[in-house]
């Protein structure tokens, strides 16, 4: 638990938000929470959270964390009429944002916040709610170094897997984009080689077992194993969201003049996935399209595979 | 250590071979070793190995492991005039081969061996000598299940990271090809995103730190970190060897009629890497070509990065 | 020559503009010309053109053609303070624009023009000044059909190769983008196969002769033959301009949700071409990069090859 | 008509063969024809051909042309027991082969023929039977220059569009492979941009009209127009045959160490086309897969489009 106790605020009690704020509460932090649909935040009261009705009520908190649906929500909760910075009185010293938004949208809010004396720390994360629960979330931050230092004890509570500070401005947003390009490429690579293996007589569970144990195995390949092997395509992240990340990557690559032959090849497949009608599914459905393109009919293997995240602590 | 002690033979004392046979010797196994250049094998005598002068002298061993330079050497040591199967007397029950060879070459030797009552277990591995030393090598096997069962106690000594049996015939060769396609794709993906990040102001060490901690981090991304960050391009695996694996992948994909949009995009980059003159270097030189294609001059960062493999035990 | 004679205006006397307006003048049309640098337009006076000092002076012309450097110039000459629509008096019935601009920029000017009763006909062309001279320029138009009908007799003078009307709005801009994607892909395809052929012992002049004669031969492959064979890389169209077209194609593809596996593969090569420092050259320099990536040193062949456009009339 | 009259032989009266030999007969040449199914060749007797029962009976002809189904047929008709070179007596001076076969297969037959004093001229062509009829076939040859010179007067009769000699050996085979790579890439490019255009409101007939008129228009784009516009997918060339050409291209590229980023991207799409079940159709079905991948349902446009080959002479 952090030494010097700051008063914390939290905006956004979606699936990720709930897991994250729970970690702070369990570490004994003082947290006030706002969520558009208040009912979703209320279970947190039992863990000691104060629930408030507007972001403005979090204005007197030292550090406020935000993780909302997208750039317009983020802008609204920070600079909107009832936003964090709307009051005349005290404003938070630091806003720590983990929303998936572009560098451009982040920069606009950053400038607004700085005018009112509030620092913005961009703080994208790697992991899903189960990863948070397993204590293995990782985070990358950018913005004023002082803001990072101030928030770090709390970031370490949130991100058991590590926190990397990458300097000023929106750099952390770009790091997250790079991370998601790699995630999308690996997802398509798995689709290609699992189908190749299966047509060669190798079950998907055997291939994934070997890969997961191998030097290439990662938390990601392990937690996607049930989807690829047993074809559970309940969406954790849709093809459209993945494509959005590829778009951000493409825009960064164009602006910075970097060719991306492998990333764009993967991007086109994700676009095709959507065109073929795989919209309301997990992006692991890449394997379904890959199988169709290979004249293979996939069946769930019904194999007892682990997602590698174990029981939640 | 295995319960019922078999008499083991070993062919091939290159860098991988030395590390592997050392593990067997340290586990107390009875191993006789043949290497074309006898001097290279001799240090193993101090650990208890018997050194022999021809593969034929290993004919009376129960299980013989082979890991040599390529298909022609493999064929020679097994079916050649002084090969494992050349004598009239006893032949090994099982040959366990970890050489990088095609399914076709393996199948020919397998048929020859079976005629003489010897089972061939194809046993490719994932990892380099440092991974072996760290006890994290993984192995995939195919061939007669009985042969796998017989060898398994010893395979577990060699491959601390796990052994996956994938059925009859040459399937394990295909699994290894799939593994290496993924490895090559990830290598090029890292090149693309590290250069994108660097042009956006993010050091390669910071990007790798975040990725290594993230859900995408793997033993592979960690042990390539020094190469990508500090540009140590001393070859562990050359572009030509990586291209050879892509070729095997392409051939399998054509035969099995599987499109590989991302794998072939990466393959073309590896081909271009060679054309641009990056031949006597590690395949991590992909980042050098990527930087050139992005108008970026790379400098070693001189950052204190780990390869994640720790001190050798 | 058109039956009913309209009074014509012309904005833009660059290399393309000069060739085009010359055709109108030679066909006996009444044309007044504006060019920012008046001196460049003056030679046209000898062919019967009236030279004016501001676009506004063309306000009383029936049809005004524009072909300028880009969107900002186009907006300026149409809706700027001294623009075509700036006067209180008569405005042209139709503006026919052949500038390379995005659909978005075109739509903004179109709306402005329509408010003042002037129709905008988007009219991109296929061909360079030598193609115009050879009477083989082609044009695609979109906008109000009536505007197209009114202008058609003059369009036919300009575009000896044919005029295709594709309906309302900015569609013609998209057709041009598609055309340029194909052009860029063919340029890279030629690079790939010429280098493949050369490494197989076939001179570039022989390969181009066969291709140009074959069912795949086009005006484009013929007029790029001198560049590919004799490596004359004096820029007719730079890599950056080609990349801009690929960007427009990418944006259209994303908006319309169309995967473009081949177009994006070519796009990445063009991006790499720029990164490798091929900036102030013709985009045919794609063959230089392709040769480098293949370990081949190119030499001009010095072969007497034709560009297929014959002597200028 | 050639000056000095040679006695000609012809093997292969498929669709291409019939059109080609007809041109020789109409030019007044003396031609003896062999076809496995004799009945198919018989209509040629009315035009003056002699019909024979075995290739061996063509042994006394000066020049024999071959165009058969593939490498095994070609080997059979040349070096088989009743082949062209089987008799003890005279053998042709030159065999001119236009079969689609690999350089390797061609080289084997070439060596056999040379032993018996017969020169092999590799002579692949560009065009289909309608292109032959329109007098626009083109041909590329390689082999001994003297053989080329001897045959040239007759080659000019066959290939109204031009004959290009590219030197010794199998080079002409590689030129043809390059030609077909380009053809496949253009076919996929048309699929991509036609679907992009259609989703942007542009009919396929309008897009093709503009492209065909433009500097990018070729005999090929024109003769594929009915397929792309009206979706007549009766096979002229199947996806499997196109993929075979991409394979030959890939093999050449690997051997000659040339990266082919655009060609391999197209190749993967052709492989996917087959996997998606488009097997017994024309390769223009690439547009069907492209439409599916874009969420677009294609309808035949029923537009009166020309294939650009006009009435057969």
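For clarity, chains are labelled A, B, C and D in written order, and residue numbers in each chain start from 1.
Quick note on the criterion: a residue touches a chain if its C-beta (ideal position, glycine included) is under 8 Å from a C-beta of that chain, and two chains touch if they have at least 3 such contacts.
Please read all numbers here as calculations on a predicted model, not as lab measurements.
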Over half shared or under half: which fits the residue numbers at the contact of copies chain A and chain B, same or different? same
Report back the single chain whose CA centre is most distant from the CA centre of chain D. A
I'd like the Å distance between the centres of chain B and chain C, where a centre is the mean of that chain's Cα atoms. 54
What's the distance between the Cα centroids of chain A and chain B, rounded to whole Å? 35
Gap in Å, rounded to a whole number, between the CA centres of chain C and chain A: 45
Where in chain C do residues touch two or more other chains at once? 253, 257-261, 265, 268-269, 271-272, 274-275, 293-295
Residue ranges of chain D in contact with chain B within the complex: 247, 250, 253-254, 257-261, 264-265, 267-269, 271-272, 274-275
Contact set on chain C toward chain B in their complex: 261, 265, 271-272, 274-277, 292-296
Could you list, by residue number, the parts of chain B that touch chain A in their complex? 126-127, 131, 136, 138, 140, 161-162, 164-169, 171, 174-175, 178-179, 181-183, 185-186, 188-190, 192-193, 195-197, 199-203, 206-207, 209-211, 213-221, 223, 249, 252-253, 256-263, 265-266, 268-269, 290, 293-295
